[in-house]
Structures are given as C-alpha cells and as structure tokens.
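What follows are several structures.
Presented sequentially are two complexes of chain A, the first with chain B as partner and the second with chain C.
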Partner chain A sequence: MKVIKIDKNIWAGGIDSLRSGYRLFGPVMQGDAHEYKELTSDETPDMAYTNTRLSPKSVVFPQSEPMFTYSLDENNPEHHILKDAPKDYSPRAVIGMRPCDAKALSLVRMNFDTEEYRDPFWMNSYDATTFVGLACDSPCETCFCTSAGCGPYHEEGFDVLLSDCGDAYEAKALTEKGEKLLAAAGWTAEGDASVFEPKKAEAEAKIVCKVESSNLRGKNSLDLYDAPFWKELSFACINCGTCTYACPTCWCFDIQDENKGTEGVRMRNWDSCMTSLFTLHGSGHNPRDQKHQRFRQRFMHKLKYFVDKYDKGLMCVGCGRCVQQCPANIDIRTICNKMNGYEAAS
Partner chain B sequence: MQNPYKAYPVRIDDIQVATADKTLRTFKFVFLNPEDEEKFSYHVGQFAELSIPGQGEIPIGIASSPSEKGFVMFTVFRTGKVTSHLHNMKVGDIMGLRGPLGNWYPIENLEGKNIVIIGAGFAFTTLRSTIKYLLEPENRKRYGRLDVIYGARNPGMILYKDELVEWEKRDDINLNLTVDGTDDPDWKYHTGFVPTITETQAPQGDDDTYAILCGPPMMLKFTKPVLDKLGYQADHIFMSLENRMKCGIGMCGRCNIGKELVCKDGPVFTLDKLNEMPEEDQ
Partner chain C sequence: MESYIGKIKEISERLLNDGTVECVVGFRKGTVALTNEPCMITKASDVQDLVWDENCRLNLANYLTGRKEKIAVIAKGCDSRNIVNHIIENKISREQLVIIGVPCKGMVDKNNPEVLQANCATCLHRNPVIYDELCADLVEEQKEVDRYEDVRKIEAMETQDKWAFFEDLLTGCTRCYACKNACPLCYCPTCFVDESQPQWIGKGTDPIDIRTYHFLRAYHCAGRCTDCGACEAACPQNIKMRHFTKKLEKDCNELYGWEAGLTVDQRPPLDSFKVDDPDKFIM
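This part shows the complex of A and B:
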C-alpha cells in the first residue's frame, strides 16, 4: 500500500487542485458546531474538528432528496408519469471523515445494495464518492468505537486514510480511487508507513470506554424483546428522534409527494422509528403506539436484529453522537451492556 | 438494473363498486407500455405499490390471477389520503404501478396437496387471486381437495360475489360463504364467524393438507387455535401480514417485525416462522 507524505504547507494548494475534478465535502464550523457540507470554492475542510453533530451520511443520503418529478397538467402528454429527477453523480470526495462514519456507511450499504434490489440514489452517490479519512488521535469521552468493531485507525470504507503528524499528514492510499485522488491533488512525496502502527496503538489506548456485546448474538430475540427493562429504560425518552437523525447507521426514510401548482416532486426524507406516525396504519391501528415499543425497536434493531441478520456485528459504530446529544441522557452503552447481560428467567 | 422505485405507467381501464356500502372499489389497470406487463410478471399473494403522482403510494395485494392476461386488478378500501383520492379517480386516468413486491403463497411447492383457503373481510383479494389461479383447468388437476371459507360482515360486504356464486356450483371446490349476521331471507349460505365455520367445515389437518389464511387480526387470532385443534402443523399454515409500508423493497426500514421485513421477507409467513417473531403490540 502506497503512503504519501503531505506537508501541511501544500495541503490547501492540493485541496484547490481537487476542486476541478471533484465536488468536495468536509467538516466546517457552522454556528457553534462542526458540520459536513459541500465546500464552497473558498472553503477548506477544518481538520482540527473532533466530531460533527450530524454524521456525514448526508453526503450519500441527503436528509431530503428528489427521486422523481412529474406533471399533473393533463395537457402535458406525459402527465402523471414519473420522470427521473436531475442528479449530479460526478465524482465527489469527502475530506477528513472519521473512521467510525466510514464504517457506518459500509454497514448501511448492506441495506441499500442487496441481491434483489439496488437503491440507485444511495449507490450512485456512494460509488461517485472518494472517502478520505482522518484518523482520530484524540477521541472524545463518549467514543466506544473499539467495542463496536471499529477504531480510531479503522480503514474500512476509506479510499485514503490520513494521520496527522504535526507538520504533515501521512496518507495511506487504500484503493485505486484513493491513489487517483492523491495524484490529482499533486501530492506525490513518498511517506513513512511505519508511523501508522504505533499511532494506532496509542489512539486505541485512549479509548477507555468499553461496551460488552459478545453475548448478543447468542441471545434469544424473543427473550430480549420480552425483557422486563424496556419501560424503565425508556422512561426518560421523549421520542424526539435526535438520536436517529444524528446517527450514521440510521437509514430509515419516508417517501412524500410535494406539489407546487401542476408540477411535483417525489421526495425521500429521513424518518425516525421514534415517532408514532412511523408505523401508524390507515385503519388507526398502530403496532408501536407506545413509547417503550418505539424505544425497544431502535435498540433491538441496532443491537440484535441487525446482528442476527447480517452477522457483521452491531449496527452501531460507537461514534457517541446519540450519547452526547440525547436530551434525556439515554445512553446506548448502558442499554447494550444490559441486553448483553440479560438472562431470561426460565 | 431498473430503478425499483419507478412505477410503470398504467391507465385505469375499469372501476367497479365492490360492496354495498361503497367503501371498496375494484380497479383494473392496463400498462401504457405493453412490454411492462411482462416485466410485471407476478405470483399469487404478491402485492404492488399503487403510485399516484401528487398523492403518494399505497401497498395493495394483487387481486387478479397471473393466469388473467391484459390487466392487473386490485380492490381498495377507502380509508385515508391516497385511497380516498383513488376512489375519486375515473376510467382513463393515468397513474403508476410498482412491483410485483414481496413473496407469495408457495403453491408451486404444494402440488398434489390439499389446500384450504380461509379469509375474512377485504383481505380476500389475494385469496381471490389464488383461487382463480388454482381453478384454471391446467392447474386444478395438479392439486388435491380445495376448500374455501370466506366470511364477511353481511351479504353486501362480500367481494367478488358473482364469481363466488359460480364457484359455489362447481364440484371441484368446497366453498363455504359465511356472514356474521343477516336478516336477508334469501341468504342460503352459512351464518357465523369464520373460526366457527372453519371448525365444522375445514378438513382435518394432515401431512398433505395446507391452510392459507388472510384476514383481520381478530379473525387470525381465533382461527389459529381452531386449525391447531384440527391437526394442522404450524409449518402447514401460511399467513399474509400487513404493516405500514413505504418502499416495499426492504429499504426504508418501516415494516419490520423483529428482523423480518414484511414487505420483502413477507408478506407471507408460515405460522411456524411467526411463532419465532416478536408479537408487536406488546
């Protein structure tokens, strides 16, 4: 694997060179927090950030996205026929993404790229993107990635992984796509591959928070579902949905038609299993009309159903966003430990 | 690969009021592009998204049989936004059809077996598709005994009545029609709830006899123990479920029960499988 050294004094110039070939996305300060956004021609990614409030899932899966357009005007010979919404799948690159967020996208990909169906919106965006990661040398207190099948130097889902070495980045090209981006930026100086291992060990040692999940797969799903603790655990939850919006591994969406006069767009929008409308039937019946049922759905999906369905670990990468942002102090780490340790009375 | 969210354009070819209270209508659709009909090749028990640009999409079971060519048929209960709009549409209007979606009643694996079909209310649509298919001469001879038990609130609420009356006269199907109650002196079929009629009319369960069930939750709840008593094994009972849906292709995450997605892993499950799945509502 090729390692390139990027002196920080040529960093901004390289980013500028990338602008002609890529739409660039990266973390920038927005108000009082960092967020991922498409960079304007005078913005560079702020590589000094620790974490963003929302995950970068929006780069491939926008919060609201047009799927089709249509005309309701009966004089239009093609009225009421869905037309592909205009899309831009030209090459794009995310610069400075955290390893947990990249792993999250590879987990979510399993949902959108299946044997039977391929979600063209998600997949085309994903395929158009080059993912340039930034390893975490100073993780937050709420991070538990090393217990969630990930880590501060995890490479899964990246095309390039950068490690900040003070005056320079060491850049590991992980795929051909990654090599192409480094070349396009004009970054060619040979780097030092040996920095990665020790820095990785050092960063991993800083993540002290551990979550137990090794028993989850062996547990009986119905036992966990019927466990007595759901009402108690969900007591403080206000079903605000913050956790699902901020989470990089939450992908549920809604489809809505938006009309303006005789023109309209079929949109898809992020949705949340924390709202009761999510499952409300036309008849008024709702299989999850109570708070603890929706709460249980979120955690069972992440920590049990997904685990059973794919055998690829948790549907959580330990980014800690939901822990930091929940207004009711609900902590997935506590819930995971509780589920992992639960023994049903026989 | 084709975009699985894109509906085939169709024209409404026929609309019939299906019940006396006019809450159900049966729609026949014809594909604007004839080659789409081939792509929409379906099995009995599958569903489709009826896609009305400007209104939204609704999952509806396919009521026509794969053996009926030239159209696809659905029977729709008027309840909320999209179904109400559909009820106000007219013959000739253009809309979309997306599918076929979901799994199906595995009747191709049941050759030589006896089949009992039990339905209630307007969930009878995909059962109509199944019966119609099984009764085609080239299909009927491949199966053993065929029993049907179908219940509605009153005679006016029975779907596909003309067809049922014709089927009732045949000797290769035992059709048991029932209503919850009626003061119609001309009603010459059963009166009583589906579970009760099942108890007296359904054949005994054995290795070669399978049940297909579709209906409202109460009917399912009370029919299951009856089938158990009659000796049906849980893996010989197929049930079709309904959950709120959007994508219909296993992507939007809305319709799950446990790790199963009703839209893709279902809507048809064996009772055996359902027993391993959490009971939502608790």
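This part shows the complex of A and C:
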C-alpha cells in the first residue's frame, strides 16, 4: 500500500492540477455550516471543517435527480417514450470526506447494487467517483463511529485516506483509482506509513461515546416490534425529515413526474419514512398512519432489519448528524441501547 | 428559570397523584447540549425527570393536538397563546387541560447560548395568558421593544432586492418540514404539500417549489402565529422563516389590531367578518 507525503504548500497546486481531469467536490462553508458541493474553479476544499451538516451522499445520490424525459405531445412521433435524462458521468472526486460517510456509501451500495438490480444512476455516479478521505483527529462529542463498525481512520469505501500531520498530509492510496488521482495531482513524494497506526489509536481513544448493539442480531424481530417502549420513545418526535435527510445511510426515494406543458421529466427525490405519505396506499389505507409506527420503522430498519438481512452490522455509521440536528432530541444512541437491552416477557 | 422546576414537579406530582390529570406534558433533560426533549409523564414517580431551563424551545401546544386524555401541560407565554388557538380551533378542549403556567424569561438561541432567541428578545407576552397553576410569580413584561424592525427593513426594499433577500433566506432548505411539524398551527390532516389530487407543488428542490411551500405555509399562519419561534428552533439549516410569519403578524396587528392567542372569547379576524373590516389590500 503506497503512502505519499503531500506538503501543504503544494496541496492547493495539486488540487488545481486535478480540476482538468475531475469534477471536484468538497466541504466548503455555506452560510453558517460546512456542506459538500461541487467546487468552482477558484474554490478549494476547506479541510479545517469538523463535519458537514448534510452528508456527501448527494454527490452520488442528489436530493432531486432527473431520471428520464418524455413528451406528451401526440404530434411528436416519440411521445410517451421515456428517454434517458442528460447525465454527466465523467470522473469526479470528493476531497476530504469523513470515514463514516465513506462506509455509509458502502452500506448504501448493498441496496443499489444487488444480484437482481443495479441502479444505473447511483452506480454510474459511484463508479465515476474517486473518494479521498480525511481521517478524523478531532471527533465531535456526538460521534459514536467506533460503536458502529467504523472509526476515525476507517478505510472502507475510500480510494485515498489522508491523515493531517501538521505541515503535510500523509496520503494512503487504497485503490488503483486512488493512486491515479495522487499521480494526476502531481503528489509523488514518498510518505511515512508508520504515522497511521498511532494516530488511529489516539483518535479512537477520543471517541468516548459507546453504543451497545451486540445483542440486536439475536433478538426476535417481532419481540422488538411489539416492545412497549415505542410510544414513549417517539413522543417528542415531530415526524420531520431532518434525520433521514441528514443521514448518510438513508437511501429511500420517491419518483415524481413533473410536467410543464407537454414536456415532462421523471424525477426521483429523497423520501422519508418519517412522513405519513411514505406509506399511504392508493386505496387510502395507510399501514403506518401513527407516529410511533413510522418512528419504529426507521429504527427497526437501521438497527434490526438491515442487521438481519445483510449480516454486515448496523445501517448506521455513528456520524451523529441525526443526534445533533433532531429538533426534538430523538437520540439513536438511546434507542439502540434500549433495543439492545430489551428482553421480551416470556 | 431553573428555580421553577421544584414547583413544576410539585404541581405535576399532585395533579397525577390526585387523579386530576392522566399525564403531564413537559420537558426532560436532553442528551446533547442546549437541548431538552418534550416528554409525557404518566406516573407521579417520574416527575423527577422533568426539567425547565432556557432550552425548552419547542412549543408544547403542538403535543396536545387531538389528544383525548386529561392533560397537565407546562406552558410558557407563547405555548399558552397556542393553547388558546387550539381551544378556539377545537383541537383540544379547555376542560381537558390543567395549564401549569411558566412566567418565561426567554429561551436562549440554540446556536449561541449567550443571547436570547430572536423571537424571545422582542416578546411582549412572557407570562402565560391562560393558566390554572403558576410555577412562579409573574415576570415583568418587556416594554419598548421594537417587534417589527426587521420587517420594516424588508418592506422598504426594492422589489428586486426583496426577491434576492427571500431567495437567499431559503437557500439550504431541504423540505424536511421540521418548521411546519414543530408548529402547533400546522395540524391539517393532509398538508397541501402532500396533496396529490391536485398536486399543488413539486416535491423536489426546485427553488420555485421551496418558495411556494414557505410562502403558502406562512399565509396559513396569518392571524394565528404567536411568534413562538418553534419553526426556527427546529430548522436544522437555521433558516429564518419567521421573516414571513412576522410580516403577516404585523399586518394583522395594523389592520385588525389583532394579536393571536390572547383570548378564547374572540374569533380571529381571518375567521370572522365585520362590515367595517379593512379591504384596501383587495385588488
């Protein structure tokens, strides 16, 4: 595994070199918080950020994305035929992504890339992207990645992992894609691989928040579903989409046709299981018309159904965004511990 | 305000013990800084969980909508005004409620605990307007505050500047609907944003749809908004959508001399007709 040293005085120059071959995305200050966005030619990623408000899932899975275009004009010989919406799948790179967000994309991939289905929009974007991570040396107090199968130096899903070593980054190339990006940036100085292990241990020690999830796999789903605590835990929830939109592992979307005159676009938009409309049937019946049912679904999906279906741990990477942003202080850490410790009465 | 909690617990415990109410709606300590969690206490032994401080931003009237039990609710000034709204709009009956009034000294800004939340800084009704119990002596109401300075600034803008201001204001909105879901006024069984026959607005991030949502929601709150600030407190993107509702609040005040939620004895102006109602704004 190749490690390259990038002196910070050649960092911006390297980023500039990348612009001709990649569409670059990175964290930049937007209003009062950092967000990932496509960088303009005079922007460089702000590597001093702690974390972004929204995850970078939008780089491969935009909140609103045109899938197809069509015409309703019957004089048009191709009316009512769906055509691919114009797309740009040229190489792109996310610079300065946190390990939790990269692992999240690996988890989400399990949904979009299966033996039966391969979502072309998500996969084409994912395949076009080189993911350059920035290890977390100063985690937030709401971070619990080490309890969620992840960590501040976790490498899963990255092509390159950077560690900030003061005057320089040590860059670990993890894939061929990553090596290609480092070469394209002109970063070639040999680095020091030995810095990663001690820095990793130091960073992990800073994550003091622990969540218990080891019992979840062995629990009976129906016992958890019928557990008596859902109404109480969900009381404060206002059923908004804050947690689902901020979550890097939430992948649900809704499909909408938007027409203007006789021309239309079939869009897909992020959806949220916290809303009543999510499960409203055409008949008018709604299997989750109560708040606690929607609340239960979100946590059962992340912490039980996903765990059972894939046996790859939680559908949560411990980024803490939902904990920080929930208007009503619904805390997935509390709920996970409660589910993990629940024993149904025999 | 932390000193109120002893009395709040004492009243809550008594009401639960003597069977006056089935539950108490209040706040418990949050798991992250500067946050408390709305909660419902049903056992007298659990009243110890209740807290009261400057981080009880959400409006608890929002948690009363359509409930059937006999409820004690902890209500600061704005919560009490939204309870009045709820009573007028038949969302809860007065007989169901024991209102534990909290003379409020203002909530602190969720992003900067050194200052009061913007709506609290210009609040004229810190004391509950309707209550059955009080957890402390009434506080002195703020005087000589200019409630509409920011609205006048926007009113004075040229059309293009105003448009640019609103565009900038709504940047970052993800349509998570935390604002409307935290709002006690937004209780429609199906919000217009969720209607599909007809579908009033698109569901994506098109700025036209985002604007339409915020503008329409604000109009639905005209003459009803108490400026409790729950919308802004809930917004994960820190959007200041009170700019919209405050303009309508100011108009209602100027046109009808109306402040929402002060009395259960008078129908709101947009809910009633008088021969001498002003009509200059009708084109």
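Rule of thumb we're sticking to: the second predicted complex is superposed on the first by the 346 of 346 C-alpha atoms of A that agree within 3 Å, B and C clash if a C-alpha of one lies under 4 Å from a C-alpha of the other, contacts with A are read in each partner's own complex, and residues count from 1 in each chain.
Please note the rule applied: contacts are C-beta pairs under 8 Å (C-beta built on N, C-alpha and C of every residue); 3 or more make two chains touch, one makes a residue touch a chain.
Keep in mind that what you see is a predicted model, and the values were worked out from it rather than measured.
**Q** Going by the contact rule set out at the top, does A:Ala12 touch chain B (first), chain C (second), both, or neither?
**A** After superposing on A, A:Ala12 lies clear of both chain B and chain C.
**Q** Name the chain, either chain B or chain C, that contacts more residues of chain A.
**A** If we count touched residues of chain A for both partners, the winner is B.
**Q** Looking at the overlay, what does A:Gln256 touch: chain B (first), chain C (second), both, or neither?
**A** Both partners, chain B and chain C.
**Q** Which partner does A:Ile81 reach: the first (chain B), the second (chain C), both, or neither?
**A** A:Ile81: touches chain B, not chain C.
**Q** Based on the superposed arrangement, let me know which partner A:Arg53 touches: chain B (first), chain C (second), both, or neither?
**A** So A:Arg53 only meets chain C here.
**Q** Name the contact category of A:Ile238: first (chain B only), second (chain C only), both, or neither.
**A** Touch status of A:Ile238: second partner only.
**Q** For A:Val208, decide between first (touching chain B), second (touching chain C), both and neither.
**A** Neither partner.
**Q** Which positions of chain A sit in both the chain B and the chain C interface?
**A** 254, 256
**Q** Note which residues of chain B are touching chain A in the complex, please.
**A** 1, 3-7, 9, 32, 51-57, 79-80, 83, 93-96, 217, 242-244, 246-247, 249-254, 256, 258-259, 264, 276, 278, 280-282
**Q** Applying the document's contact rule, which stretches of chain A touch chain B when the two form their complex?
**A** 67-68, 70, 72, 79-82, 84, 111-112, 114, 116-120, 221-222, 225-226, 251-257, 259, 264, 266, 271, 273, 278-283, 285, 287-288, 293, 297, 300-301, 304-306, 308-309
**Q** Which residues of chain C touch chain A in the complex?
**A** Contacts found on chain C: 30-33, 35-40, 58, 62-63, 111, 171-172, 174-178, 181-182, 194, 202-206, 233-238.
**Q** For chain A, which residues count as touching chain C in their complex?
**A** The touching residues are 30-33, 35, 53-54, 63-64, 141-142, 232, 235-236, 238-242, 245-246, 254, 256, 258, 267, 269, 272, 275-277, 323-325, 327-331, 333-334.
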